[in-house]
Structure formats: C-alpha cells, structure tokens
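Data block below; observations after.
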Amino acid sequence: KQTARLLIKCPDKRGIVSAVTQFLHKNEANIIESNQYTTDPQDGRFFMRIEFESPHLPEAEATFREGFQPIAEQFDMSWDLTGAYDIKKTAIFVSKELHCLRELLLEWQSGDVITDIKLVVSNHEDCRELVESFNLPFYHIPANKNIRKQVEEQQLSLLEEYDIDLIVLARYMQILTPEFVAEQPFKIINIHHSFLPAFIGANPHKRAYERGVKLIGATSHYVTNDLDEGPIIEQDIMRVDHRDNVDDLKKMGRSIERSVLARAVKWHLEDRLIVHKNKTIVFK
Amino acid sequence: KQTARLLIKCPDKRGIVSAVTQFLHKNEANIIESNQYTTDPQDGRFFMRIEFESPHLPEAEATFREGFQPIAEQFDMSWDLTGAYDIKKTAIFVSKELHCLRELLLEWQSGDVITDIKLVVSNHEDCRELVESFNLPFYHIPANKNIRKQVEEQQLSLLEEYDIDLIVLARYMQILTPEFVAEQPFKIINIHHSFLPAFIGANPHKRAYERGVKLIGATSHYVTNDLDEGPIIEQDIMRVDHRDNVDDLKKMGRSIERSVLARAVKWHLEDRLIVHKNKTIVFK
Amino acid sequence: KQTARLLIKCPDKRGIVSAVTQFLHKNEANIIESNQYTTDPQDGRFFMRIEFESPHLPEAEATFREGFQPIAEQFDMSWDLTGAYDIKKTAIFVSKELHCLRELLLEWQSGDVITDIKLVVSNHEDCRELVESFNLPFYHIPANKNIRKQVEEQQLSLLEEYDIDLIVLARYMQILTPEFVAEQPFKIINIHHSFLPAFIGANPHKRAYERGVKLIGATSHYVTNDLDEGPIIEQDIMRVDHRDNVDDLKKMGRSIERSVLARAVKWHLEDRLIVHKNKTIVFK
Amino acid sequence: KQTARLLIKCPDKRGIVSAVTQFLHKNEANIIESNQYTTDPQDGRFFMRIEFESPHLPEAEATFREGFQPIAEQFDMSWDLTGAYDIKKTAIFVSKELHCLRELLLEWQSGDVITDIKLVVSNHEDCRELVESFNLPFYHIPANKNIRKQVEEQQLSLLEEYDIDLIVLARYMQILTPEFVAEQPFKIINIHHSFLPAFIGANPHKRAYERGVKLIGATSHYVTNDLDEGPIIEQDIMRVDHRDNVDDLKKMGRSIERSVLARAVKWHLEDRLIVHKNKTIVFK
C-alpha cells in the first residue's frame, strides 16, 4: 500500500498542525488518520501521528523526507516517517510457557498482525515443534545467570543477522543486561503477568492470591534497565474470586497475557506508540 | 474559558485540514484537541472537531465566523462554532423511575456535567420533592395518548420560554409526536432500557429474561420519528445469569441506564457528537 | 481423578439437599463444589450440581447409581452422574474461518480444555493442514443445500464410529436438518457472530455496522431446530466506534467468538450446564 | 420477610452439609440459596451460607438457635444466624468528597440497599445540607491528628447511642486508632481510591498518572490496623489513556469508587461476606 505514517515530537507552539498539513497537501498526500496530543497548551510538549496515502510512495520517500526537513527544523521536531510497505522484522524470545507465542503465531498467520517473524529464540526446547510447524527458524540458546554475556552475544548476532526491528519477550524468563537493552532502545516489548505496579517482581499470581485481590491483570511494557518499570503500553484485568487458587489465577492470567501482549505488539508495528518520560502515548 | 469548538462536515478532499489549521493559526488560536474522520479516503465524507483556545474569545467570535466563511464555502462545509462559555440549557423529562434523573442531578451538582438545567417536566408527581430539593423548577404535566397534542403544546411553550438547547428523556415513558420531534432535530436524547436493536420496543427486561440472555444492556440515542431507531450515541452492558429474575434485571438495568445516559449527555454538551446517516460519530 | 458430578432436576420440595448430601455422606464422598438453583421457592423447579470425590470411584460407580435410585424416585428427579475420569469425545465442524478451531486446538493442547478431540469435519479443505499438524483425523465432506441428506449421513456415521459426545460448530456455515439435530439433543454447541437476539440470521457484522451500534458481540448456544434460537450458553461483547468498518467488526468479532465458544465448550465438558425451558443454568 | 441467613465456618469434614440441611428440613425451612467453599478438600476449612425461609420466623429464632447448637458443637463451628427482618443500622463517615455518600443515600432511598442509615458523621460541614435534605441526623465533629482521642470518644458514644452495626468510611480522610478499630471487628468498610495493592497510601491518582498506567481502580475493604491492608471485599477498574491528567483520573475514579463501595456495603448487609485469614469469601 502507498501508505506512510509521520510521527512528530516537539515543543507545543501555534502553527505546527497548519505547517505539517500544508506540506502534506502540497505533496498530494491524503490524510487517512490524524492524532495529536499536547501535554499542556501552555509550553507543553506536542505529539502527532498522521497516517496518509500518496500516489508517489514509496518511490518519493526520500524527496518527501528532504522536503520535510525545513519544517522539522523550524519547530525543533524529532520525527520519523515509516512506510506501511516496510514490514517490520520481529524476533520472539520465549521460555517454557507458550501461550503468548501461540497467540502471536496465530495472529500473524491469520494476517491480524502484520510483521515478518524472522526467528524464535528460546532457552528451552519446549516450543521447537510449534515453531517449526509454522516453518520458522528456531534457535535454542540455553541460558542462566552465569553465562548471560555469552548468551546475549549469540542473541545479538542473530538480531543483527536477521536485521530485527522488534524483540518480543513472550514470557522469556531471563533478565537482560543493561548492555543488551541499551542496544535496542524501545524495541523490546515484554509481558508481565501482573497489573503493574501491583506485584512487581516474581510470583505475582501467588502474591495476588495471598493478598486476596478480586481482579488480576497483565501488563505489556517496553523494557528498560529498571526491571518491570519501563513505559506501560497496555494493561487488562480479569475478575477472580475466593474459589480461585494460584493455579487458577495462572490459567486465567494466561488468557489476559496473550491478548494484552498481542495488542501492544500490534500498536508498535503500526507505529501507534510514542514514548515520553517513561510513559507511552498510544494513538489508537 | 476562552475555548471554542469548531465542528465541520464536508466532502473529503485534499487540503481541508491544512486550510482550517492555517486559518486558526492566523487567528492566534491554539489547538487543544483535534479529531477527524473520513468515511472513505476516496470521495468519502469528512468530519472534524477542533477544540481551541484564543485570547480574543468570546469577543471576536463574530469576526471569527466571518473570516471562516470563505473556507467553508471553498470546501462546501456545513459547520458550527460553539463556545465553551455558552453553557447549554437543558430540560429533563421524566416519568416515575427516577434513577436517571438522580444521576444527572448529582453529576450536574458536582460539576461533572456542565450545563444549565432549566426545568424538569414529568407526567407524574413522584420526582417533585427531589427536583425542588435541588432548587429547580418542576412542571407536572399529566399525559396520555388522547391529550398528546395539548401536552406537547404546554411542553413546547416551556422549551421556548426557557430557550432550551437539549431535552433529555430520562425514562420518560410517553411517545413524542413527529411534530414535536421535528422541532428539535438531534436535540432530544433518550435512554432505552435494552441493548438495541435487541428487545426493541416495550418490556425489554421481561423479554431478555425469557430469551435467557447472559448480558443485558442499555442504549442512549437521539430521538427520531422511528421509535427506538434513532442514531445510537452510547451503549453498555452488564453480565447476568440464570438466578436473576425480571426484577433483578430491572435493578441492574437501572445502573447501566444511568451511566450510559450520563455519558451521552456529557458528549452532547461538549459538542463531541456528529450525526451522519442515522449513525453518530463520537469524538471522545 | 476420583471425582464425579451429580446433576439433578426435580420439583422443588423441602428435604432434597438433605437427602442427597446424606446419601453422599454415607457413601464416604467428599463434596468439592455444590451449586443449586430453584426457579421459585414455592412450587418451583429445583436444579443441583454436586462435584465430589470418593475413594471408591470409578469402581463403585454402578453401586452408587443403584443406591441413589430410591432418592431419585422419592423426589421425582431426572439426574445424571458423570465421572471426570470419563473424558468426553468431541467432534469439531468448521468451514473456512479457522479462528475458533485454532482456539479450541490450542486450549486442548495446553490442557486448558479437557476433552478427547476425535475428528474435525469440514466442507472445505482450508483447515486440513492445521488439523493434521495436531495429528488429528480430518474429514473433508463438501456440502450444499441440495446434498444435505447425503452429507449428514456421512457425518452421522462418523459420529457413531467415533462415539462422539459433543459436536462443536466452530463457524460451520451449513444449516443442519431437524433429523440431525434431533439425534443429538443438547449435544451440539454453535457460535453465532452476534449478540443474539440482535442481528439474528446472516451478516450480523454488516447489519451492526449499518445500525451504528457501539458494541458488538458473540453468542454461544445449543443448537435446536429454531435457527439461532437455541438456549444461550455464553455471550460477550467488545466496544467499537464509528471508525470501525465491516471488516474491522469481523476482525474484532473473531476475538470475541473464539473466547465465548471456548468458555461454552469448557462448561459443557465439565457438566456445568443444565437446559431448562430454552434457557441454560450455568453452574460456574 | 420470614427469611434468615445461616453463616458457618468450621474444619472441613464429611457430613457437614448433610447435617445442616437435615436440621433445616426438620425445622420446615426451605432453602432459597446455598453457597459453600472449602479451602481444601483434605483438612481444609469449610465455609457456608444458607439463606432460607421458614413460616416460624422470626418468632422461633431462639428455638432454632438452641436446636442448632449440638450440630455446631459436633463440627466445631463458629456460626451466626441473622434474620432479614433485623435491618442493620449503619453510620456513614465522610470528609469533603461527597460522591460515595450521595451514591449510598440514593441507593438507600430507592430501596436498592436495605439498611437503616442512622447518622452521618463528618469532620467538615460540606455534606450537612445533603444529609439533612434526606432527613438524617448530621454530626459535625472536626478532627485532626492531635485531637484524635477526643474525636473518637465522641464518635464511639454516637455509635453506642444509635446501636450501630456497620460503619462505612465513604471517603473519610482520617486515620482511625487501633483502639477504635478493635471495638468494631470487621464492621468498618472503607473505600480506597486505587487498585490495591498498587498505589497503597496517599495520592494514588497522582502516582498512577506518573507511572503511566492504562487502568485505574478502586478497592473496598474491611478496616484493620494495617492501613490499606485489610481484607479486600471488592475492586473494579476503568480504562484511562495518556490524555487523562490527574484531575481526569480523580473524576473517573469517583465513578468507580462509588459503585465499588455500594456493592461492598450491599454484600455486607446481606451477610454475604466471611473473613478468613485477611481475605474475604464473597457468597454472591
């Protein structure tokens, strides 16, 4: 499709939308969807996502970029242009629990998530059969605390080899080093099995059971070096009651986790997410 | 506040957003919130709502309107400009069930719904005490099928006297004549006690019970001459089970009805609703 | 596991629970879960589901049944006893849309749905690869209005061959004859892609789009000879808005359909459903 | 009504349900609703709530109690019998935010919550007019940290004077002393304006905003001496997004708080709550 998305961040000032839309108009682009948000009409920060069609895309993308540069400079913008025709390349990391991986594979197969899944990496063999039944490359890289460095070197070399745009931690139970994370800023999406910040850390379902909460949840977030503290992308919950034991909570949790992660991944792939001060702006 | 809302409908063409935002920019307006929707990028219909601040409002409203006229003509727009400073005047019609009226009165009293409630009209005396405890004028106009014309004449004269912008049927159990409705196009909001189009018509809870549905709902819509067929503004549902009898459904229904109606009324008052072909566009 | 479920229907009278639980007590059964419901404490109809463990099961099942017979007669019960050790045998019927089939296969594979999927039947070839990747028998039986009788003969012979307990219509787009339905009373579960009774019949998403509803849903029900009118087992909804076109509604619908159907199937398999007067009692 | 509720806690053993229901049967009671729960079929703890009708109530309540005593002893039960005819007496404590108080007053007035509201106590004058418009006694008792003891003495004397069964903290922003709490074990229900245990303590909406969560919630719990750590009765959430500032979260929070608190209060008044190890069993 001849569709692209323009993402903009800059200080809020009068005239931004006017300048941007005039530029698109001159370039014969037709706006399909437009979203904007300002943290504060007085001296706030401005964010915009415009999805547009143009008969000149993708050929004229470079010309387009060049032409937009002066406007970007005038308003002090950081900006990005991504074509819907440039399908993003994804790697999925997983351990032993396969429900999130399965969901992503099915959504991908049915065309509900548009990406190019390049490989699946796991520290266990459990998902090999599933992955290979989808004709995808599977890499088994055993991992533990002590060999973290070597493991990540292998992983990074695969990410480079496949030119990966997005890493999805689909219940990957290993902690990544700051070095690894630093190489992929806001390119790693994790699913945490609690309604963060409640039950941050390990064993959230056990702790939820012990506290006697009446709702359990899941949280998808970008990975940063503060464990479970990265910008939240999506959350959802399910109602539980006194009859549900820890295993029931885990089972119900799986259902929330897979749908929450799938939504977060979809939004990332459609360039609907902007990170600002450890929060996400989601232009749905 | 020096805030206004510009609402636009027109055939979709390149350059609309550009022209509108350039105009606002020249008039030193600052866009706070902007929403747009097009039914189809090719020859579709375009809809837009822009909320903006301007230091010249409300004084310069007339100048503003005059200046915008040429753009409106160029793009064949139907459009409207409403100031947040022009508080809308509301009349509430109610019969014997008071839960929706109560919700509106409380939301109004707490400042969560911004309007000027001018009067409450009922065909029964049940709500007099409640209405008067809020120091609002109450009009008891008994009604039935046979005296519909006289009743509506009295009502219309009150609407005129108080210069009413919005009529809320907060469980008003009388059918309005086409003449009455025709005088208030898309100015009458009703709450229907079912998830329309399921159980359209009378006794929805009884019929929901008999059908054994597992969810019941409520629907707020603009009133047109097709009973229960007007443009839907908002709907919501609640889970029920085999243990709930007709009275339980009614009780649970009340809770959905009041919140659904309150949301619809709030969106109308904030000029977030555009009607197009018996549907609503809701710019939340 | 040494667990069984006792399901009871009878006229409501004093003493039923007392008699039943006394019997279980004498037989050294331990009640794990017990649910009851009466349509009316005065002359209503009484329903009960008791899940219990017994060290003598499954060996003593016949003795148990014999012992319970006098109580059943005393209270004029229709009743059933099913062991959790008797895994139910399921057939899945599907046409071209595979999302519900996929969900069931994954839930089955992960052990979240306990059944023995014996075969998948389709009037198309689309799901063959998927089914065979799970090592399940796939039967392609082309179907249309004119050959309905022959088609159903083939299907019935397969159902008999595999001794099937439950038929799941996982988006099977053919109408079954009254003869076929009559042979499987309350053993066929269908998923309908609307919030019944709204948009009963064909093309619900198109009609939902045209009506401008703000929520779409799905309904799982037992199949009877009144098309889309059988006892509703489960329903759920999702919020939509003016931006969602018919295809978006279908896509979102798929997500509701698969979870609603999976829940209904699970409840049936756990003997949590009792049909009474075209409604279901769901003992969750 | 000639209805009563029997609440039972005891070690799980075979024969409890049988003994209890036989007793009720002999006493010509008709079971309307029965719920049970066991923490573990092996050596767990057993909980039961039976709602029943009897033509001999309320007159024969004492005889009933006496007759049940041997069964209670046999199974080592702690138990309680409460008649629906003994309407519970409630005191509401409130500070400056009135939305929860308003909800309770309206639900009470419409008969959706069955209790006898005896008085409203506040450390501010804001709600006087509202309370007195419902013809209820209002007590203004100014409060602060330094005079906590005197304040609570006044309050306790009022609770005694009115023979109060339930204290609802409907956004009462003062901390109660351990002495006060100790006098009302599991008789004080609070509403906390977050999804506990997330944002435990002060300013939850500000902290939710800063963390960038996508859902906010509210929690109703029994008050114990561990601040915000008492047994959770009910929780609910609402979806928020990046556009919602702290004030928006507070506004949306009010809507969740009032419905969550109203449900918790209703369940307490209907004797549907049993506390066990800092958790609640809710027999809905």
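Order as written gives the chain letters A, B, C and D; numbering starts at 1 within each chain.
The rule is simple: a contact is a pair of C-beta atoms (placed from the backbone, for glycine too) under 8 Å apart; a residue touches a chain by one contact, two chains touch by 3 or more.
This one's a predicted model, so the numbers in the text were calculated from it and none came from an experiment.
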Legend entry - Pair exhibiting more inter-chain C-beta contacts, A-B or A-D: A-D
Inset, instruction - If we define chain centres by averaging CA atoms, which chain lands farthest from chain C? Would you check? - result: B
Inset, instruction - Report, in whole Å, the distance between the mean C-alpha point of chain A and the mean C-alpha point of chain B. - result: 37
Inset, instruction - Take the average of all CA coordinates in chain A, do the same for chain D, and state the distance between these two points in whole angstrom. - result: 42
Inset, instruction - Note the residues in chain B that touch 2 or more other chains, in rising order. - result: none
Legend entry - chain D contact footprint on chain B (complex, rising order): 98-99, 102, 106, 110, 112, 133, 251, 254-255, 259
Legend entry - Contact set on chain C toward chain D in their complex: 14-15, 17-18, 21-22, 24-25, 28-32, 34, 36, 38, 41, 53
Legend entry - For the chain B and chain C complex, residues of the former touching the latter: 37, 195-199, 211-215, 217, 231-237, 241-243, 278-282
